[in-house]
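Next come two complexes built around chain A: one with chain B, the other with chain C.
Right, the complex of A and B next:
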């Protein structure tokens, strides 16, 4: 990967973050809806504090997974065909486009995780434990979801099946991330080592990243 | 390959899904040529432009653009030398006109200060901070022409380049087309306005039912 490659990655990140700043899809739509989804659970099952504390971390990760993938898929599939053509004719390396879109989605997902996490702490009285490992877990989940969503968005763009494919593609690949994230938090809470779960999530991230980079060009051409 | 031959299509067919859009297309375009491409709606003009832009591969026949085989990875290497302005603007409405050009410059690896110069060249010097989505269709098209000025292109593919443009902009576009041809590049212009294109084109071809005549 050359200097030109990373230059293109930076250009795509700048472009996507500028677009998000002006559209506000994540900041003004997805984050409030994520917070509302967390708020609806206590309204539905009642205000049993002990129960809420028990299910809080799991609810948080489920919300992060569902909304997180939607954020990344939305970002990846928001380019029109003329915009994609124009970028291709500027010489944009499809792999650089993939990495740039995934990186900008990662930044947005970290904001989403942080804000929704604060809401979860307030509503469910979730305790914050093992901060360094928790940050690593949040970061890996954000990267994983961003890569997964960006890859899915690229596939959606390149097929006539459209968004109907999203659940089929995302569900199996997000399971290890959801499992890793919930078990990591549980391990931190109980004072156990979470290294194996972190490694599992990192392996998933690595696999999706490799698939995304290797398929970027063929997906652009279909 | 003949050195001055920029586009060579031989018996080319293009399928999109189960539909045959182009069939048995033979076309040669040489350096310095301006070629008009006519045809009714749905004749395959836009597909022909995207084919020449290396953005889609032929299903039948053989084709080379700027020396690159349309079915081999070498086509990626020539893309930066091909400019295309489609019927729908390929710029980002959430970015300003200036930001759109700066993005293009960064990706293409040209100095970003050329963005301002190119905008000025198409009469948009004072509109750099204007959001593309809040700009008129004509201003968006001018911005796309500014992008093509900024990057050194050998082949320009233009789909209805005169639409939504005022008289000054039309003069500017026709000047750009003539300049590109004089510099040794080639231009393909798709249009329904035969009279206007016949004045600037060296020759013209017609697509009908996916076949060139």
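Right, the complex of A and C next:
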């Protein structure tokens, strides 16, 4: 497999999406789990419509952060050590592997965000405002979570704690994304500019992407 | 023999001496502050040095992580690991003391101020770093993975430091390192604070020396353990006696 970088990225994306189509981890497990979590919250805190409308957007983003990590990690840590060795022997560029896994996780996260978002709109009566900026926010959050999940998934892969450790690593690091996402929605609702929040999230994405690409080879060698 | 004992004990002697000096300075500095009042101001002499040393410790972890990724020398990993452990301790101390001070001054244990929140996040990031290290037995494997997280986690350090400048909150802004000079007017208070920082730096260096030494010994022990051939099941399992003639 001594082809170009982007060809390798495409191959990894295709492989991951094919695996997801066969196993359906995200579609049949993570998305329903996220929807159930949104259903449980009102049962615990009360079903007052005004209160739910207020907390709905925040709850949605918290669910996206906590459950979205599972989507990204599932893709990153699903490779066994022999599979990783085989990929390395085939000449797969570790950076291409990282970008490919993060890209496929991004696509799955976008599906997750959309379905869970519709559930949030239905259950919490969340209003959809500023659609173009909202789409940009959803996209950046998906890319950011995918990168963080893929990177930490690679770090913990085949450790004794396995993926159990990932939420502890990703949750604190994803705080800028959570802040950016919630504040962006609030800004859109009030008609304010959200450019600064979008730039903050984009900066986080850029930093994680650079670290992920630069450390892909050292991580593969360990 | 005496030289060996001295060599072994100097970190502890240095810690006790430096903390005693810092304690004396903290006690002789003026107690009453027009805003903070009474004795609670003395919490600052531990809280501020602890927070500064936490930054230093995590920055050293970052340096050690980068050093390991470049050189693949485990010495850098030991520096990073030891520094992260001490940094987590200092961060926890700074948060705990800040909460005690906050309760008596602001009336609440915790407030959603940017500095407080980001410090708590930094604390959890490095707890994750230490948890990651515990999940991998192989020292080379552990060093590589921890180094990546050590680099990633360092993004938090400038965020925490500059949070009081970038966001308005309850936490006060920089008091000592400022373009227009220190905000603390009383020279004795300022001296006590600087002495506190120096004393905590001595504590940090001393603990680093001992911890690096200990990690080195742990790695050597692990290597010896791995080199010893042991029976797979051990003596707990014996060959079953099925009876009959042999």
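Throughout what follows, the second predicted complex is superposed on the first by the 209 of 222 C-alpha atoms of A that agree within 3 Å, B and C clash if a C-alpha of one lies under 4 Å from a C-alpha of the other, contacts with A are read in each partner's own complex, and residues count from 1 in each chain.
Going forward, contacts are C-beta pairs under 8 Å (C-beta built on N, C-alpha and C of every residue); 3 or more make two chains touch, one makes a residue touch a chain.
Everything numeric here is computed off the predicted structure, so don't read it as measured data.
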Touching partner for A:23 - first (chain B), second (chain C), both, neither: first
Touching partner for A:194 - first (chain B), second (chain C), both, neither: neither
Partner chain in contact with A:221 - chain B first, chain C second, else both or neither: both
Partner chain in contact with A:208 - chain B first, chain C second, else both or neither: second
Which superposed partner A:35 touches (first chain B, second chain C, both, neither): neither
Chain B versus chain C as contact partner of A:89, first or second or both or neither: first
Chain B versus chain C as contact partner of A:173, first or second or both or neither: second
Overlap of chain C and chain B interfaces on chain A (superposed complexes): 160, 221
Partner chain C, residues of chain A touching it in the complex: 151-152, 155-156, 159-161, 165, 168-169, 171-173, 175, 207-208, 211, 215, 218-219, 221-222
Touching residues (chain side chain B, partner chain A) in the complex: 17, 50, 53, 55-57, 76, 79-80, 82-84, 86, 88-92, 94-95, 99, 103-104, 106-109, 131, 144, 147, 151
Chain B-facing residues of chain A, complex: 4, 7-8, 10-12, 14-15, 18-19, 22-23, 80, 82-83, 85-92, 160, 217, 221
Contact set on chain C toward chain A in their complex: 69, 117, 121-122, 124-125, 127-128, 131-132, 134-137, 140-141, 143-145, 147-149, 151-153, 155-156
